[in-house]
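So, here's a batch of structures to check.
Shared between the two complexes below is chain A, which pairs with chain B and chain C, respectively.
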Partner chain A sequence: MSIVTVQLGQCGNQVGQELFDIICSDAVEGQRKTYSTCSCERFFRQSSHGELTARAVLIDMEPKVISHSMTKAAKSGRWRYGEHSHFSQKQGSGNNWANGFCVHGPRHRDVVEELVRQEVECCDRLAGFMPIMSVAGGTGSGVGTYVTQCLRDIYPTSFILNHLTWPYGTGEVIVQNYNSVLTLAHLYQLSDAIVVHENDTVHRICSQLLNIKHISFSDINRVIAHQLGSVLQPALSADSHRVYSRNPVGELVSSLVCHPEYKLLGVCTIPNMPSSSIAYSTFSWPGLLKHLRQMLISNSKMEEGIDWQVRPPSGSGWPRNPTGGGSFNTSLANLLILRGKDVYSAETGGFEDPALYTSWLLPEQALTMWKSPVSFNKYEKSATLVSNSQALLRPLDDMVGKAWNMFASRAYMHQYIKFGISEEDFLDSFTSLEQVISSYSQLC
Partner chain B sequence: MQRSKAPVSVEVKQVIGALCRLLTATGLDPVPTPETFRRAKFGCGNEEDQFWQLLASILQNSGIVSDEVCTQLRGECRKLVTAGLWQTGYYADWMYETEERGQEGTGFSSRDLLLALGWLLAAGTLENLMTQRVQQLDRTLLISIPVSRVFSGQLPLDSGSLRRLQWLTGCLRHQGRTLLSMLQERTKVLHAVLSVSLSSTGPSCSYQSSTVLKEECVCMRQLCDVLEAYLKWKQVEKVFWTWMDSVVDGHLTDPVVKSSPHAPTWSPRVCHHGNQGLEKLQNVLSRLPTAQVGLLCMKESAHKRGKMTLFLVIMIFLCSLQDGLEPLSSLSSLHTLTQAYRPRLKAESDSCPVRRSAEGSSSGTEVSGVIPVSEAAEMLLHEEALLLERRDKQRLANRMQLQEMIGRLDELVLIPP
Partner chain C sequence: MTQSVVVQVGQCGNQIGCRFWDLALREHAHVNKKGLYDEALGSFFRNVDSRNRDGGACGVGGRIQHLKARAVLVDMEEGVVNEILQGPLRDVFDSAQLLTDVSGSGNNWAVGHLTYGSAYRDQIVDKLRKAAEHCDCLQCFFLIHSMGGGTGSGLGTRVLGLLEEEFPEVCRIVTSIYPSAEDDVITSPYNSVLAMRELTEHADCVLPVENQSMVDIVNKIKLMSHGAKLGSMIRRDSTVISGQGGLSGPEKPFDAMNNIMANLLLNITSSARFEGSLNMDLNEIAMNLVPFPRLHYLVPSLTPLYTLADVSVPTRRLDQMFSDAFSKDHQLIRADPKHSLYLACALMVRGNVQVSDLRRNIERLRPSLPFVSWNQEGWKTGLCSVPPVGHTHSLLALANNTCVKPTFMELRERFTKLYRKKAHLHHYLHVEGMEQSFFSEAITSLSSLIEEYHQLDSTKARLIPDAPRLSIAR
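== the complex of A and B ==
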């Protein structure tokens, strides 16, 4: 089973490159043949000489980032991108979603579809698609949404897992909230699951946990890639009968995103530390899992600064305050992935507590567990939690609120109208995201 | 919903031919020839028997008439058809007549049976027949296991159970997709194996396998025939219905047709094709745009006045929709309420705010935070009334002042320079 990755825009192409790099170096390291074969089959096609080529299509409206990513991959010596599986133009989308979605996307539809088709034909069995993009810019968000729509049209039964990078709250692009609202509202209809990384959170991980002084996008992308990799690398699930699961995207989607109103997934991993310190640290499963559980219920997305006061509500008539600060974070469903030494001795009872979940889903339906005795990316033990919970409610609400304020004063509207996105389209998008916000805030 | 008569031409015969082939492929026997159809349209000749049989076998095969009834009415084709048509909701005068009268009767002809056939086709019987045939032929097809649909008396109907059901449905859907992709992989692998074995052993050996395979092969061929016939039929179906319209027209204009006390109440010139659901939907759809038009009008008025933001207009529009009122046509100056509101979806359980004020906007004390729609609408109306009153007062005062001034000017003489 193979996943075809579609890298879109600057962010998508950089994150994608880091992801393939981590997966490849993790797969080829050590003597673990089955793990390595399974991982390679998922993400790479192998030539008769044993060369690994990423199952990826690179799309951007500017040539620079793509050529940079391709050079970097080739330089690694372990893997490379397909020689012809990329498409770029000379003129970017100017951070305008409408330009990407209404102009660039339709204009280059045929080329992109052909590239994807070629990549799909190289798979024995297609597990699904993973478009990687940001929501703030023009190409990633606009063209990315358009391409996702095309994928949905052509492969109606395939799984599509979108990975989105949310911009800094303080702002990278003036119209980032517009772009985000339009992207999210559209993807919510098209995608099977939306995995989100917030730049703010990842930035904090870089500064506080990894002790990086001058944080670059490359550092941030590496953290995102690490977290994504720890989700997507081979693992054994409860009913995979000691064989690495062959359908990672399908299983992830069916364990976390079965309800059409809830599609936003957050990821957190533990531990995160500078690579120089890893060798001098020891971890125990109880310690890691205790921290991870508290991170989940108190909605702190990293180990540092966990609020230990938050407790799951007990008894009936829980007064849950959905958007209030410091409140309990209710989960709809969680996927716990444990990798490393003694993984079968890990006690995961803390995640089976019904109080963590919404009242209408039983813990056995809501919690899924993947395990792998193979350690990931140099960490002797590591735990990853993919969670469909209220964790993203706050940032989403802020995003929509800011976008609405701008929309209320008609700021920059003409930039969108001139490419064919009307006020009605905006209102539709606002409405559908309000529905998402409402669904998540009523989760209890 | 009358169909256009444009494409009626010589091809009708071929089109009916396509239908006949499809009917044969679904396992019906015998099927009248296209020529018989043509003659039946004019109600002449003796095609009745063939149509009686066709209708009977359609009703029987599609399971509209149960097997029990079939065995009871063995040999009484006419009764069986009447009963079957009744069950599909078809009505015609001849169905009331006894057999003897029917034979003597003046009005009845094979055209009536043709119309009944049209009714059955329009009601989707053909698709039912085909589905059954395909299930017979394709043994690899997974047919849903009949589950008993008896629910316990205490079926939980709260929103939690509903959501759980939705979740489980989604889960099943995902599993279905996974299975589908497995099937695709299996087909691919099977194809690879087959092509390898074919090329290595040569085509001569491939047919020497067991009888099971041969049977399977025959089934597959028949299956292909059914599907092909259906495809062809679908491409030309429209012409058939145009022709059927002409049959209906002929039936209605024919002076032989007598009026009956059971005459239907609907307009006789309208052909329904048993698809009233569509009409309902159209009704609903035709009503929708008016709401949007209302919104547009209000937007325009807002632009003209320039005194309030569009969002307030939308809000009022939403209120009026909720209250079942027409959109407010007059919107006076609303200087105290010119801030932008963000509409929110109302929580199910609590009676909390439908919208709340946008962050950062300057708001009066009474409108800070959130206001329910109805309250805001009331406030707006109240505001309007106040302003109108003030305007009237001002007008009156102005007029008085003007009159006073005119009175004073009466004694004045103006000399042009």
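== the complex of A and C ==
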């Protein structure tokens, strides 16, 4: 089955390009025919000459980024974007969600839908859609939300998994919290699951784990692509009888999003290291999984600076954190993906502990496991956790809080009203996100 | 890529405009070694084949034939425009882009706004439309004018209204030259206040520049370049200091000042003209910096002015550039942003500067800069990879800051002094269509603008608690 990716705006088109690049180079490496065939079917169309074309539609309101991404792909020599699978205009959305959602989106609806339809027709079977975008700008956030809505209308039964990049806390777009709130509130009604990467977190991985001095967006995007790729590449699930699962998007959604109030998913992987060091390092499954588990429960998003004091609450009424460390991160559901050598010997009991989860789900319902003996992206062993937990509560709460403060003074409202978004629309979005915040904070 | 059109009105507008075109050409010549007409050039210039009689444009990618500025030049006397037509820039404009009269506006806003505004309305609209038709995606109009005279102030603000009427979706950024207290135009307070109301109501952004600060900056630069030790450190070919190496002939009195303003325009448009790793579209300026529609006065500061940039960029100097952008003596109006309140701030950087340099400096400077409670992280940044000629890097800061208030209050005071005695009023009231209500409404508009800044200022000392969040019924 195949996934149709829709890349939107600057961020979406840059992250998407890195994702296809990593998936392609991982798939074609070594002698692993079924893995590679399955991966290619998911992400690429193959011409009669064997050339790989990404199953992607590229959308932006200005031309530069798309042309840059297409050139980069073609230069790889391994894969490319479809010659006609892109649409751009001359002038961006100016950091204004309303401009993207109310003006650009509707204006170009037909063209975009047609491009998507053509891509869908090339799939033997469609697993679902993956729109990739940032939430802070104007095109990815506004047009991206609009396009997601169109997809939902036209393909009511298909899975839609949105990948979102959350902005740095400060720096690039002053109205970023407004744009983020509008995007998230709308997507919550449309999307089956929302996978989030925070730029601040990924930036820290680049500097502290990968030792990159001058960090560029390209460095950041490679980390995001690595994490996403390790989720989406072929793997075997418990009941798949040694056949690669057919629909990763559907299975991910059904195992992680069991309730429509909870669909924010965070991702972490282990290990992360400079590529020059990978060849000289060995890892043990117990070591990796012990770290990954602690990262989950202490909500540290990388393996450095983990708070080892945080423990799951014990049922017998003990205080939650006897040593006064950080607070415990409760999960609703987790998807653990292991790839590489000796994967069947890995002991995963630590993730089955009922104390990790809410009381209203049994651990066997809350934990899903995918495994693949094929190692991913040059790491001999690697583990990835996609979790529906409280991990994104803090950043979401910050985002909504800052936007709300600004809204209280009605600052910048006229810029949105100009394009047809009213104060009530804002209020609706705030209300629905406060609902999400409240739901996640009451998870225990 | 998008295009912009510069509309220069009156003596001051045209003189500054021409410095801009001169320096912009020089900058592109410096970067564009192949002589090909590219998207970057296309944002402010057309490429016209002279053999083609109707001035047919050549597409992007071909050789540079004749570059024509995307500009409309308006003046109600002939002197300045004629001088341009006899000077080295004459080929950059053709007669269809020009509009002149012979008798001037007599430093009277009403004559410019009403008399000429009505007489030339159709011709102006026609020229604006022509300029717009040459663009395949027109993003922005830049209006350059002075506040104190008659043509730039009166007719210039009339043109602003026409732009809004005719091209409501195209962004309007206005560079306005404010008169100094000792300005030789006696009626400049009237003209400025009358023009202010138009700016407040019809512009998307206004970049106020005060002639007095220009004079101060120019004097400091002179002092440094003549001082024995420091003089040797200033780069002679830097575009900030002089037009040397440009197309113009000998320097005139306003030249040094106008260079600074031309540089302001070069920097604000650089990210539209060149590549960069963090592009800042022109329509992002208002979106990020203007929280309330009337409060769109953005105080510019430009660095390095008399600091210097050598070939290599030691970190300390780069950081100095960021510090300077917030100091009092780098502001293009007399104002002290650090001791007032920021509503929002943009840093537009050119040259060899990385995202990490930006982050480091924002973190470093943030604690010393007061931001309004609801926009504590009100920073917008842009990186353009091409530095100005003669520098390795430069920074333009645009601050939406309550420090504009004293300038506006001073203007109001000067206005009131004249108005109380009804001095010179009859010159205005003689003009057909002009009524006393124009004066009273203009001063009311200015006063309420001042009051809005004042209200924001008064939140500065108070600790503003976060707005109580919506509560969710379970």
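Operating definition for what follows: the second predicted complex is superposed on the first by the 433 of 444 C-alpha atoms of A that agree within 3 Å, B and C clash if a C-alpha of one lies under 4 Å from a C-alpha of the other, contacts with A are read in each partner's own complex, and residues count from 1 in each chain.
Keep in mind that, in the parts below, a contact is a pair of C-beta atoms (placed from the backbone, for glycine too) under 8 Å apart; a residue touches a chain by one contact, two chains touch by 3 or more.
Note that the coordinates shown come from a computational prediction; the quantities given were computed from them, not determined experimentally.
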{"item": "First (chain B), second (chain C), both or neither touched by A:438", "value": "both"}
{"item": "First, second, both or neither for A:422, with chain B first and chain C second", "value": "neither"}
{"item": "First, second, both or neither for A:46, with chain B first and chain C second", "value": "neither"}
{"item": "Partner chain(s) touched by A:360 [first = chain B, second = chain C, both, neither]", "value": "first"}
{"item": "First (chain B), second (chain C), both or neither touched by A:277", "value": "neither"}
{"item": "Which of chain B and chain C A:189 touches, first, second, both or neither", "value": "neither"}
{"item": "Which superposed partner A:211 touches (first chain B, second chain C, both, neither)", "value": "neither"}
{"item": "Contacts of A:158 with chain B and chain C, given as first, second, both or neither", "value": "first"}
{"item": "Which superposed partner A:172 touches (first chain B, second chain C, both, neither)", "value": "second"}
{"item": "Touching both chain B and chain C, residues of chain A", "value": "401, 404-405, 408-409, 430-431, 434-435, 438"}
{"item": "Complex contact set, residues of chain B against chain A", "value": "159-161, 163-164, 166-171, 173-175, 177-178, 180-182, 184-185, 188, 309-311, 314, 340, 342-345, 347-349, 358-361"}
{"item": "Touch list for chain A against partner chain B, complex", "value": "124-127, 157-159, 192, 247, 250, 253-254, 257-260, 358-361, 365, 401, 404-405, 408-409, 423, 427, 430-431, 434-435, 437-438, 441-442"}
{"item": "For the chain A and chain C complex, residues of the former touching the latter", "value": "62-64, 90-92, 94-96, 169-175, 214-217, 400-402, 404-412, 414-415, 430-431, 434-435, 438"}
{"item": "Chain C - residues contacting chain A, complex", "value": "1-2, 136-137, 139, 277-279, 281, 283-284, 286-293, 343-344, 354-356, 358-359, 362, 373-375, 377-381, 466-467, 469-472, 474"}
